[in-house]
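Take a look at the structures below.
Consider the two complexes below, in which chain A is the common component and chain B and chain C are the respective partners.
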Partner chain A sequence: MEAMRKERIDRGLKVRTEGIYAISGVREILYLLGPRLLLIVGLMALPLVLELAPYWKRVINIMCAYALLAISFDFLANYVGLVCLGGAFFTGVGGYFSAIYNVYFGIPVYLAMPLAAITGAAFCTLCLLPCLPLRGVYFAIVTLMYPLLFTRIIEALNILGGTNGITGLDNLPGSYTEHYVIILMVLASLFGMRRFVNEDIGLVLRGVKDNDQSVRASGISVTRMKIIAVFVASLIGCFAGAYIAHLYMWAGISLFAMDFSIIPIASTVIGGGGTLVGPVIGTFILVPLSEFLRFFGTFRIVIYCAVLVGFIMFKSEGLMIYFQRKYHQFERWVKV
Partner chain B sequence: MEILVYGIINSIILSLMSLGFSLVYSIARVPNFAHGALYITTGYMVWLMVNKLQGLPYILAIIFAIGATAIIGALIYRCVLIRIRGMEISEIIATYAIGLAILEGLRWGGLRGMTFSLPPFYPGAVSMFGLLIDYQRLIIVGTGILTFILLYLFTRYTKIGLALRGIAQDERAAMMLGINSDMTAVISLAIGSALAGFAAVLLLPLGNIVVEAGYNVLIFAIAVCVIGGLGSWGGTIVASFIIGFAQILTEALGSSHYQMVVALLAIILTLLIKPSGLFGKQKELEERV
Partner chain C sequence: MSEEAILSVQGISKSFGGVKALDNVSFDIYPGDIFGIIGPNGSGKTTMINCISGFIRPDSGHVLFEKKDITGWKPHKIAHIGIARTFQLMRPYYSLPAYKNLIIPLWSPRAKKFGGWRGGGKHGDRDTVAVDILEEIGFERDSRVPYKLASTLPTGYQKRLELARCIAMRPQIIFCDEVFSGLSMSEIAGMMPLIEKLKAEGVTLIMVEHRLRELFRVANRVMALNFGQKLVEGDPRVVIENPKVREAYLGTEEV
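Let's look at the complex of A and B:
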């Protein structure tokens, strides 16, 4: 019995498509565009296909909102090194801002949502500003506290509708608008963020994650970079929150619920951190799964957590990285 | 007077809640987010044994439940955490997921409503300093202080205790002296979980066994540990006195709604002003900021 090992080699096609030869033939172009088109077309066609199953059409909306949160978590955790366990903070702030604009000031919904995203993001950044020097576990703990803190404050002061929340938000006109607003937003932020992290600023952000002292030594303010990153991430998160508030026509303290923190993290772990598209795919698996398991009540959280722990232990790279490897490389057994 | 007495009781309750969390973090460097879940699990196990196994003495049920919780804690490390040691974020997510799974599993399994409660050790109340204090609270104070003393003696004068401290101070040097790092981590998780269980047994007779209490215990434990400086036991006790009195004061001045707000604000403020906590060391400062 000879010792064998597995060898991984890049496919010829992959190597060819890295340079100018990418546009030399149909195969190369398809190889590059295939996965992207699959995602875009698949997502765009989803509401049309699910015309057959009206119940599941509702799930698309919430699934895409979670996908936005997952992108925001993945960006912060894997590109900036700030693990934010309080994704619910973003949804809550975004939702409440949008509700305030829409109900109290009567701003129409299509203006209230972007406005809420921007002001909400500014608000979140301002709140998180003092915590930005913290690292690792400490940042995670503090961000975990924020949604809880705001829930308690709203309960205690009985402001913004108290425990009843703000009701009577306008919803988006027509179910197709509802679907496509969020689907386009997911695609835009997905590809936008991919571009963003590969720009110069993304490089600096990754530098902040890996070695912030060297970033400081290069004369770049680490805190300023983190502020930008948190603003971008909370922009996405707040938009998701505002969208959810308008979807349910209600903004209450359940926008600060743990679900909005847990599911994005779980889907990032499952989908593969650091790929941005992985978390989106993770939500597309987890959210329908959780709808499916609705029958089990809170037991679905147990199933979730079991899946999560399993992935962390046995497949910590996540699905997306696994599939990327299969797509770009082939494996063979060779003698040692 | 009222504030002083209730402040002391509340502080000791808080420090009992957080002692296990603090111990696990200081030795194994694992933030055990399943702490609250272990707390509730013990309470539920005692309840099950007392109510379903007729004839089992209360004290035996308590011992069995604490032992079982210690084993659960050890298993969590041995089966899960050992594989992801050193990856802080994965540790947090994994322990948090385990805790969530236990709590929500219990909720699903029927732990709902106000029907679950443990009997106090010794019913009744006594009049002290012009206040009516039930015996359970007095027992808590007494046992709490006893626990601190025993824990102090354990870590100073027993071989295992010294090994635990060795690992906590300098893992590499301790390993060179033949102390098994994984073994001590297993032991520390077992002790930490047992402490969570012990706290549960002492404190749950004051109220009902509800799932939400598990989350609250976790939050209070984190609050106390962060303020005291993660990994510093003296700091844990001082911080629990600070938060304990702050809570009682806010309750006396305003409404009890603000109890949690005080704890949360205290965490955020401490992290901002003195990130290593009140008694954290310089080394920890580097880790944090």
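Let's look at the complex of A and C:
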């Protein structure tokens, strides 16, 4: 038998849609816009479709909040090289800030959420500042530690409502407002971040990931770039936190729960790191799955782990990278 | 040499554990110099560059740039005032195309100060400047080479990319850490005019080299190091005839 190997070749259509040729015909435009439209339209139509299954409608909200956290994680890990284990830190800070603004100062919810995102992001960046000049594992450890630290502080000092949390937050009026605020935010962050990482400033951030010594030698402060990146990522994360707080009309220490750190990371593994859209798709699989498995009680953790291990072993590149390859290239067997 | 020294290194010492990598080394560099630093492996040449460019803090001694003490400054600040360096082990941004590698130095505060790329709108201009610089340094503009991923480039191109990264910042001084090593004769011949051109533009070059023949063709002054100590400094022909240098460095080649 002759030795064969698999060869991958770009589809003709892909080659024909490069650069200015993207607008040369309907097929070309559809080829490029198709996947994007599928995501946008699919996501926008989701609340309408799920009108048939009211229970699952609530899942959309939390799923999209996780998607924001996943975008934030993917950006930091795969474009800046900072592995952030502290999604929960962002949600907690964002949620509590929004609760303070809304309940203690009476700021309306529409203003409290963006304000909490910005001030919360500034607060998170300030907290993480000491470990930004360092390379290596420190950032991961410190981000993992902060949610635990703040939980204990709130418990021990009995501030901000203590273990009961802050109650009586305003919610967003109407379930459709709730859905579309977060859906639009996911789409805006997704396409915004994709744009951002390909801008010149985004290229510098990717340079920091590739090799920070060269960035230093190019006269750019690496610490400053990391501060910008952490601020942007925590902006997205804190918004998610503020949203969750208003969704449950309650900000408690469960906003610092490990789930907010772990599910985005697991979603990135499943969806494919470095694609930004992959982690979003990952959450769209994982969060409904975990909701579905609620039926099994604590046993769901086992199933959950099995899914994750399966992905890591058999499709470690992630779904999105796999689909991208299938979409852009075809494979054939050729003789060696 | 009646001019003021642009860079003055005064009594730099650096030890790593018990090893004295640099022992009280001093030298002056004048504007327009092509200054060669030679010495056998482990003689402290790269440590010297690291000390001056801020990647390592010297134990003692001072570095003066235009009479300003820059000892212990952060690397990016030193690059900002006009001292660029290449790395001996090439450090391109592997995941970016070659021309996008230059966006990073072009985005730096120093390059922004010059603002040379601001031709028109906000987008694309840095890309244009980047391709211009790459063409200048020997990337064929009409080929696919400037648009290939940096990780797929051959060594010669990666070395040039290192130099291009420095040039993009329009520095006053460039430290070249073994830019010739690992290159073929024809590749070195291709880089020679580039060095000449930089010299003509008034850039001061400090070249750490093992390829003495090529170095002596361009350098006007040379310093020899051995075991972190300065052996001799001066005209290349005088340095190479020095018995201490021959013994430490060239002698081993002639065995």
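Throughout what follows, the second predicted complex is superposed on the first by the 333 of 336 C-alpha atoms of A that agree within 3 Å, B and C clash if a C-alpha of one lies under 4 Å from a C-alpha of the other, contacts with A are read in each partner's own complex, and residues count from 1 in each chain.
The rule is short, and it goes like this: a contact is a pair of C-beta atoms (placed from the backbone, for glycine too) under 8 Å apart; a residue touches a chain by one contact, two chains touch by 3 or more.
Quantities reported herein were computed from a predicted structural model and do not represent experimental measurements.
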Which holds for A:Ala140: it touches chain B only (first), chain C only (second), both, or neither?
-> first
Of the two partners chain B and chain C, indicate the one touching more residues belonging to chain A.
-> B
Examine A:Leu149 and indicate which partner it touches, taking first as chain B and second as chain C; both and neither are also allowed.
-> first
What is the contact status of A:Ile228 with respect to chain B (first) and chain C (second): first, second, both, or neither?
-> neither
Of the two partner chains, chain B (first) and chain C (second), which one does A:Ile220 touch, if any: first, second, both, or neither?
-> second
Looking at the overlay, does A:Met249 come into contact with chain B only (first), chain C only (second), both, or neither?
-> neither
Report for A:Gly207: first if it touches chain B alone, second if chain C alone, otherwise both or neither.
-> second
Examine A:Ile107 and indicate which partner it touches, taking first as chain B and second as chain C; both and neither are also allowed.
-> neither
Of chain B, residues touching chain A in the complex = 31, 80, 83-84, 88-90, 92-94, 96-98, 100-101, 104-105, 107-108, 219, 222, 226, 230, 255, 257-258, 260-261, 264-265, 267-268, 271-272, 275, 287-289
Listed in rising order, the residues of chain A that touch chain C in the complex are 200-201, 203-204, 206-207, 209-211, 213-222
Along chain A, where are the residues that touch chain B in the complex?
-> 77, 83, 85, 130-131, 133-138, 140-142, 145, 148-149, 152-153, 155-156, 262, 265-266, 269, 296-299, 301-302, 304-306, 308-309, 312-313, 316
Would you pull the chain C residues touching chain A in the complex into a rising list?
-> 53, 55, 74-77, 79-80, 84-85, 87, 91-96, 100-101, 103-111, 126, 165, 168-169
